[in-house]
Amino acid sequence: MNANVITDSMNKDFVLAVEGLTVSFDGFKAVNDLSFYVDENEIRVIIGPNGAGKTTVLDLICGRTRATAGSIRFKDRELTKMKEHEIVRAGVGRKFQNPSIYEDLTVFENLEISYPKGRTVLGALTFRRDAAVKERVQEVAETIFLADQLDQRAEYLSHGQKQWLEIGMLLIQDPELLMLDEPVAGMSVSERKKTAELLNRIIKDRSVIVIEHDMKFVEDIAHKVTVLHQGKILSEGSMAKVQADPKVVEVYLGH
Amino acid sequence: MTTPAPTSGRTFFLRRQDMIGIAILAVLLMVVLPLTLDNFRLQFVGKYLTYAFVALGLALCWGYAGILSLGQGVFFGLGGYCMAMFLKLEASSVENTKIQTTPGIPDFMDWNQITALPWFWEPFRSFGFTTLAVVAVPALFALIIGFALFKRRVGGVYFAIITQALAAIMTILIIGQQGYTGGINGITDLRTLHGWDIRTDSAKTILYFVCVGLLIACILLAYYVKSSKLGRLLVAMRDKEDRVRFSGYDVSSFKIFVFCLAASLSAIGGAMFTLQVGFMSPSFVGIVPSIEMVIYTAVGGRLSILGAVYGTLVVNWAKTSFSESFPELWLFGLGGLFIAVVLIFPNGLAGLWQTYVAPRLGPLFGGQARRAAPPPASEPVAPAVAE
Amino acid sequence: MFSDYSLAELSSIFMMQGFAGLILFSVFVLMALGLAIIFGQMGVINMAHGEFMILGAYVTYFTSQFFLNYLPSLFGIYFFIAMILAFLASGALGMATEWLMIRHLYKRPLDTLLATWGLSLILQQVYRSVFGPREVGVELPSWMMGSLPVTDVVEVQINGLFVMGLTIAITVAVALLMYKSSWGKQVRAVVQNRVMAGAVGINTEKVDRYTFGLGCGIAGVAGSAFTMIGSTGPTSGQLYIVDTFLVVVFGGAQSLLGTIASAFTISQAQSTLEFFLSGSMAKVLTLIGVVVILMLRPQGLFVIKVRR
């Protein structure tokens, strides 16, 4: 009884509370009884070897995969029962591992589609490209270094620019929880630096979950690191603490 | 799409070249063809144009949204049958049918020993209800199918196969329920609309112009949808459905909308067909006509709204002239067309126009340089030799 | 509709219609097996599958004519020869199709659907021009005629049993080929990761061509079986294509067992309903049933949950 009261009151402080999360694919538990909490304005980095279930965790949070058991509470709303678009509208944004943008549309149109207005059929039919929309698109385009590419068809962007565009498509929605799946994968060194700078600028006033392999990058941005292994948490804490954890060393170097 | 920079010249929702294109089509259909073709040929064009409504719907549904429906004939038929039921009831007045066992009901019902008008025929005595039903019944049907399939994320080839099965079911049902539907012969011997004889040449000419008018209106509607944010969303969904979903859109509702829209457009075509040709039969409902309607859109260029109209006209004109002179060759021609339009010119007539003709015409239309080719179609359309 | 019959009568009816559905079931299974290989393994929709089947049927017909005229003493075994020839003819045509058309269209499933539909129209016209528009039927050798009594009221036709046995044999052979042979392993490797399969030295183009050929060849054998229940005409194949696709989709395209179970369900439902209703309504009800079930369970009946 007492314990319940405490967890409930604790939940209120967290933006995201994942508890006992489990998903099994045909008997294989990709995520197994996972619990973790993300604070307001926290940058959480999830690392772990391939197949640890990192992407699956993001899939579960944003509703792409349905949990077998457990709960995901976002600002006290249960996400496991909600549809994908409802989760997005509640304030969760997700960037995919491979840049997922609309190649046939221009940069402007890519951002405009992500602008959180006119999301119903009727709304989309009557949507007007007014000054507020243009201004916001311009603003976001500047943040993601693409202000001079607005009329470019997205397929002609470089790989790094596509990654930024997708981040921009999330930014324009102003989500409270931003989830990024390997945002610097495949980027050049200079693009990587720019991305770190970009992330550091956009994380104000929101919580971020990042999956990343690049340890240098992780060290630059992480407040707290969660190490996943075989669907379970292996270690959690500051970067220094995690790096010193013998279990982590074992998983990364042991075989 | 080929939408130019957000600031460039567009009046309301039409770009300059769209307006020119629509104007040219309107002049062609309203002035050039009526002046140059005899009545008989013009009526053929009128009949072809009813298929153009279907092709238009498919351009939106298949070309833009990537949803290939192989059951558009069902909607064409539903629209056509709604109209035919009204006309049949008018033709089956007690006076006209006094030799029947039960006067006042359609002749085929009498032949099938049906003695009272079935309940679902009753409302079709009203022209108002009929016009509403022409659009609403197919849309409702599409809504149910769309809801059941898109909400459960059935798409791609599965959707195509299920819609094809629906076309098969509908044909078998219409043929099997002879007493209620007129069976394989369909509903024939339609005569008047509120006493106006639709079989005369002058009536057919008037109906031709009505048909063209409606078609132009539907083209404008299609352009509006295409140029709205919804149009861009359809393209975005075709490309990256998940991204759209994770931008906060309920993807299925957009698919349902465009499928219903395509169904209603087809149905308007079907109703105009019944009016102009004077009958409706299951031979426009089944698998074969339904897939043939896809080829009109494909030949026109699946992403081109005007192309859908031209594609319909060209394919049907070819069909008619082939069938007149070498009937056995037509299937080769049609089959070859299916293969060619997929393998060799996936962007259809519109693609050929944009690659070869438009660049040379560019200066004539105000010098605005066109974008070379339309964007790739629903799936990456690689040149045939790419491996 | 069942209330007019006693329980005993009903069970006899179900049995009799069940056996009557055997040949239909066999044709379905063979057609669907070919389609399932092509669709499930290659993701290609082959709308001309019915025409590949009909090619097999024509080959069977001409073989029977040949034996009748030139080797009447061996007529009893013509069917076996015909089956092999049908397999080879349809398979060869399938491989040619793959080479000329399909291989340019991988990754564009909707386009293969249209292109193969075009092919089916062309093939129909070829059959009409070459073999004539008239439908032809084969004569059965005497040992296949007649029926075996099972109970007082239920009889089973010998040719039905024969075709059924044949179907089982072919299905087992296909299952062994796909799941036990090294060639089957290559096919499955290509399905799962084309690039990787190519990198480890599998000739993916060749695998594709033979897979497509195998699927079409089985359709040819289905055509041989088809000659026993229907007469062969240029457009006979088209009538089966929708049913067969539903069988494949219903069964969950990747699973051979699912395909067989779904062919059985659909053919038996249709055959049983036919006794009580008109043929067309039986078909409508069966198709509607399948479509409704697919709406409820779009991934098919026999598909396991996997991570997307």
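Each chain carries a letter (A, B and C) given by its place in the written order, and its residues are counted from 1.
Following the convention adopted for this analysis, a residue touches a chain if its C-beta (ideal position, glycine included) is under 8 Å from a C-beta of that chain, and two chains touch if they have at least 3 such contacts.
None of the values given here were measured: they were computed from a predicted structure.
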Reference subunit C; chain at largest CA-centroid distance: A
Innermost chain, taking as reference the mean of every protein Cα atom displayed: B
Pair sharing more residue contacts (C-beta pairs) when A-B is set against B-C: B-C
Whole-Å gap separating subunit A and subunit C, where each centre is the average of the chain's CA atoms: 48
Separation of subunit A from subunit B, taking each centre as the mean of its C-alpha atoms, in whole Å: 43
Length of the line joining the C-alpha centres of subunit B and subunit C, rounded to whole Å: 33
Set of subunit A residues in contact with two or more other chains: 64
Per-residue overlap in subunit B, given as positions that touch at least 2 other chains: none
Subunit A-facing residues of subunit B, complex: 1, 3-6, 225, 228-230, 232-233, 235-236, 239-240, 242-251, 253-254, 257, 375-376
Sites on subunit C touched by subunit B in the complex: 39, 45, 101, 103-105, 107-115, 117-125, 128-129, 238, 242, 245-246, 249, 278, 280-281, 283-284, 287-288, 290-291, 294-296, 298
Of all residues in subunit B, those that touch subunit C in their complex: 62, 66, 68, 148-149, 152-154, 156-158, 160-162, 164-166, 168-169, 172-173, 175-176, 287-288, 291, 294-295, 298, 328, 331-332, 334-339, 341-343, 346, 378-382, 384-387
Subunit B-touching residues of subunit A, taken from the complex the two chains share: 62, 64, 83-85, 88-89, 93-94, 96, 100-106, 108-109, 112-114, 116, 118-121, 124-127, 129, 134, 150-151, 166, 169, 173
